[in-house]
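Both of the next two complexes hold subunit A, though its partner changes from subunit B to subunit C.
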Partner chain A sequence: MNATVARLTGKALFGGRRALLLLTLSVILVALAVLLRLSIGVDHQVSADFLGAVALGTMVPLFGLIVGTGVIGPEIDDGSIIYLLAKPVPRPSIVLSKLAVAVVATIVFATVPTFLAGVIMSGLSSGVALGFAVAALVASLAYSAIFLLLAVVTRHAVVYGLAYALIWESLIGGFVPGARTLSVQQWALSVAERIAEPGLVSSDVRLAVAGVLLAAVTILATWYAGQRLRVLKLAGEE
Partner chain B sequence: MSTPSGGSTLAIDAVSRWFANVVAVNDVTMSIGPGITGLLGPNGAGKSTLINMLGGFLPPSAGSVTLNGATIWKNPDVYRVIGLVPEREAAYDFLTGWQFVLANAELHGLASPGDAARRALEAVEMEYAQERKVGDYSKGMRQRVKMASALVHDPGVLLLDEPFNGMDPRQRLHLMDLLRRMGAEGRTVLFSSHILEEVEQLAQHIEVMVAGRHAASGDFREIRRLMTDRPHQYVIRSDDNRALASALIADGSTAGVQMDEDAGVLRVQAVEFLRFTELLPRVADDAGIRLYEVSPSDESLESVFSYLVAN
Partner chain C sequence: MPAHPDSAPAGVIHDIGYRHYDGDRLGRAAITRALFWHSLRGAYGLGRSARSKILPMSLFAIMCIPAFIIAVIANVGALNLSDLPLPYERYVITTQGVLTIFLAAQAPQSVSRDLRFKTVPLYFSRPLERVDYIGAKFAAMSAAMFILIGVPLLIMYIGALLAEFSVVTHSREVAVALLGAAVFAIVLSGIGLLIASMTPRRGFGVAAIITVLALSYGAVTSLQGILRYAQNDPTAAGWLGLFSPVTLVDGFQMWVFDTTSSAVAPPPGTVGGIGFVLVTFVLIGACWGLLNLRYRKVSI
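Moving on to the complex of A and B:
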C-alpha cells in the first residue's frame, strides 16, 4: 500500500462528477426501498427479490465497473500515470492502493445503501438486509479487482465490463444455468443465501465453492494487474 | 540544489523498435553522458520512441537500453536516478502545483518530501503559483511544474521530450537557463526537439535522428558544417536568365543550371554554399544582370536531414 497513490486516486475519484452520479444512484436505491415499504409493507420475499435484482444484480456490478475502471483507467488514457510509474514504487503496491480506494468507494456507495434499503424494507430480523450487505461487499471486492485489471489490460475496459455484466451475468446467466457457476453475482448470492432466513434467497453455487472462487478471482486479478502494470507501455504519438 | 555524485551514462546499443510492421527506431547505437545532449530530428523520426525506451516505458524490440549498465525496462529502481519530463500535457489537473510536486516527492520516498518539493518549485521559479490548480496553468507554467516534479529527487539524469513545444520566447529562455544549470552541475540532460536553433543554442552535443536512423552525432559546429556543406537548390529570377545561366555554369561552385521557361526562373544546384552566395551577386553585377529573386528551394529541415542520412 502506498498512501500517496491512495490519496491521489481518492481525490481523482471523488473530486469530479463521478461521485455525484454514484451518490444519486445510491439515493435512488434507498428511495425505491422506502416506496416499496410504504406501498406493500414488510414482505421478506419482495425485499430479497428486489435487493437481488436491483442492488446485487444491477447496482453493485455497475458501481464496481465505474469505480474499478475509474481508479486507474483515466490515468492510463491521458498518460498521467507516468508520474506514478516513473517512481521507484513497486507496481503491485500501486494496484493494491488503487484497489483499496475502489473498495472503500463501493462500500460507501453500494454496500451501505444496500444495507439501508434492506433494513428499511425488512428490518434486521430476517437477515435479508445483512445477507445482501455482505453479499454486496464481497461482490464489490471481486468486481473492483476484475474491472481494475480490465482497465490495466485494455483501453476499452468499460465496454468489456458492461458486456460481462449485462450479457454474461444477466442475459446468458438467465438462460444457461451452467453460466451462473461462473458469475460473481451468483457467488455473492450464495453468501446472502447462508445469512438470510432459509428459502428467501437461492443461489446456483454452493457457499464453499463460491467463497473459493471469489477469493481466487480477487487475488488473481489483483496480482495480474500488478504484473501488467510492470510492463505497461506508454508509446509516443509517433 | 546539490550536485549529484558522479556522472550517469545512458547507453543505447544496437537498438531497434518496431510497431507491427513499422520500424520506428532502426539499429541505433549512442551513448549519452553528463552535460546537455540535444536529440534533433523531424517529427516522426523516432525521437519520442527513443525517449520512451530511455524512460522505461517501452522495451526495445532488439538491442539494449541501459543506465550505468543496468537495464532500464522493467526496472523501477532506475527512477531514483532518472527524472522524466513527459511531452504529454496531462498532469493531475485537480491538484495545486504544490500538491502535485509534493506527491511526486512522496512517491520517491524522500526523507523530507516537503523540503524537496519546496526546493524543486524554487528551482523552476513557480513558488508564486504553487497554490493554483495545475489545470489552470498556462502551457509554460505547466512545463515548469512538470520540470519541478522531475527535479524533486535531485536526479542525475533528466529526460525531456519536446520541452519547448508551445512555449513563448521568454519561457523558452527561462527553461534553457535552467537546463544549462543542470548540465553545468554534471547531470546528464537529454532533450528532444525538431528545431535546429533550439538544439544549437542549448546542447553541447547533438544526436540527429532521421526516419528511425541515427543520422549524425557531434557538437553543433560539426552538425552545422554538415548541413551547410551540402548541395543547395536555388530558384533565381532575373531580367536575363539565359545570360546568368551561362555565367554561372562557367564557375565551379555550381553543379547544374536548369532553365525553366514556363515559370520564367532559373534552377541552380550549388555545390558549395558559402562560395555560391559570394559568387552569385558578383557574376550578376559583372554581366549587368538584375536579380529579382533568389530563394533557396529546399531549406526545409527534412531535406537537410535526408541529405545527412544519404551520407
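Moving on to the complex of A and C:
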C-alpha cells in the first residue's frame, strides 16, 4: 500500500463526472426501492428478486467495471502511468493501493445503496438487506480485482469486462447451468442465501466452494495485475 | 468542375506551392458520403489495425451464430418443424446484450476520438456543415447496427427457405422484422452517439452507454416482472416499458407491425401502442436535436 498513490487515485476517481454518474445510479436504486415499497408494501420475495436482478445482477458488476477499470485505465490510456511507474514504488503495491480505492468506491456507491434499498423494502428482520449487502460487498471486491487486472492487460477492458458480465453471466449462464458455477454473481448469491431467511434466495454454488473461489479469484487477479504491471508495454493509440 | 489555377475558387484544397491540384473539387455531399463510409467501415474495424477488428468482428460472429443454429435446426428433418424455433422479430431482444456491447464499443470510437484528437475543428473547417457531420455519423452508426441485426435475420430467412417453409409468410415476416431492426438501429445509435459525443475519453463513453442501456433494461424488465406477476398489474407493467430503449422499440414494432412482443409486458391497449410509437419518434428527434445542439460548440 502506498498512501500517496491511493490519495491521487481517489482524487481522480471521485473528482470528475464519473463520481456524479455513479452517485446518480445509487440514487436511482434507492428511489426504485422506495417506489416498490410504496406501491407493493413489504414483500420479502419481491425484495430478494429485485435486489438479485437489479442490484447484484446489474449494478454491482457495472460499478465494479467502471470503478475497477477507472482507477488505472485512463492513466494507461493517456500514457501518464509512466510517471507513476518511474517512481521507486513496487508495482504490486501500486496495484494494491488502486484496488483499495476501487473497493472503497464500490462500497460507498454499491454496497451502501444496496443495503439501504433492502432496508427500505423489507426492513432488517428477514435478513434480505444484510444478505444482499454482504453479497454486494464480496462481489464488489472480486469484480474490482478482476476488472483492474483486465484494465492492465488490455485497452478494451471495459468492453471485455462487459462481455463477461452480460454475455457470460446473463446469456450463457441462463442456458448452460455449468457456466453459473464460474460466475461471481452466483458466488455472491450463495453468501446472500446463507444470511437471508431460507427460501428467499437461491444460488447454484455451495457457500464453501463460493468462498474459496471468491478469495482465490480476488487474490490471484490482484497478484497477476501486479506482475503484468511490471512488464507493462505502453502501446500507441491504434 | 475542373478548376483553373488563375481562377481557382476559394476552395478548400489549399495550394501551398508544392503541388498543384487541377482535379474536381467535390463539395459537401461528397465529403459527407466519404465520412459516412469511413465511419461505417470504422465501426467494423475495416481500414484500422488488426487489433481493432477483433472486437466488432467477434461480436458480429456472436450475433450470427445463434441465427445459424436456428437455421440448421429448422432444416433437421427429424424434428419435422413447420416454422422457425424463434420468430424473426424476437431476435433483437434475445441478443440485446451483444448489441449493447457493440454500440458501447463503437459509438465512442466513432465520435469521441474525433474530440480527443481535435479533428472536429478540422472537419468543420471544410465545406462540411454541422448537420452533415452529425448526419454522416448517425447514418453510419445506424447502418452498422442494422447490418449487425439484419445479417442474422437474413441467415434465418435463408434457413427457412431451405427448409421449404412458406415463402410468402416468411418473406413478409422477415421484411417486417428488418423494418423493426432499422428502428432499433436508429434509436440505439442516437442514444449511443449522443452520450459518446459528450466525452473525449473512449473508456468513459463506453461505460456511460452501457450503464444507461444495461441498467435501464435490467431495471425495467425486473420491475415489469414484479408488477405483472406479483402485483397482477399488466397495464402498469406495460407502461414501464417506455423507460428502456429496447423494450420501447419492442413495443413500437409490436404495435405498428403487429408482431409478437418479447418484453415481459407489452404496451397496454391502443393508447399504450400510440404512446410507444410517439415516444419512439420523440426519442429519435430528441437525439438528433441534442446532437445538433451539442456540436454548436466543438469543445466540451
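Keep in mind that, in the parts below, the second predicted complex is superposed on the first by the 234 of 238 C-alpha atoms of A that agree within 3 Å, B and C clash if a C-alpha of one lies under 4 Å from a C-alpha of the other, contacts with A are read in each partner's own complex, and residues count from 1 in each chain.
Going forward, a contact is a pair of C-beta atoms (placed from the backbone, for glycine too) under 8 Å apart; a residue touches a chain by one contact, two chains touch by 3 or more.
Since the structure is predicted, the reported quantities are computational estimates derived from the model, not experimental observations.
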After lining up the shared chain so the two structures overlap, which partner does A:Ser202 touch, if you call subunit B first and subunit C second: first, second, both or neither?
-> neither
Should A:Val89 be classified as contacting the first partner (subunit B), the second (subunit C), both, or neither?
-> first
Looking at the overlay, does A:Ile40 come into contact with subunit B only (first), subunit C only (second), both, or neither?
-> second
For A:Arg230, is the partner it touches subunit B (first), subunit C (second), both, or none of the two (neither)?
-> first
Does the superposition put A:Phe50 against subunit B (first), subunit C (second), both, or neither?
-> second
Answer with first, second, both or neither: which of subunit B and subunit C does A:Gly15 touch in the superposed model?
-> first
Pick one for A:Ser125: touches subunit B only (first), subunit C only (second), both, or neither.
-> neither
Which residues of subunit A are in contact with subunit B in one complex and with subunit C in the other?
-> 237-238
For subunit C, which residues are in contact with subunit A within the complex?
-> 48-49, 51-52, 55, 62, 97-98, 100-101, 104-105, 117, 199, 201-204, 206-208, 210-211, 214-215, 218-219, 221-223, 225-227, 230-231
Listed in rising order, the residues of subunit A that touch subunit C in the complex are 17-18, 21, 25, 28, 32, 36, 39-40, 43, 45-46, 49-50, 53-54, 57-59, 62, 65-66, 69-70, 73-74, 77, 156-159, 162-163, 166-167, 170-171, 237-238
Listed in rising order, subunit A residues that touch subunit B in their complex are 2-5, 7-8, 11-12, 15-16, 78-80, 82-91, 230-238
Residue ranges of subunit B touching subunit A (in the complex, touch as defined) | 19, 24, 43-44, 46-49, 51-52, 55-59, 74, 76-77, 79-80, 82, 84, 86-88, 90-92, 94-95, 103-104, 106-109, 149, 161
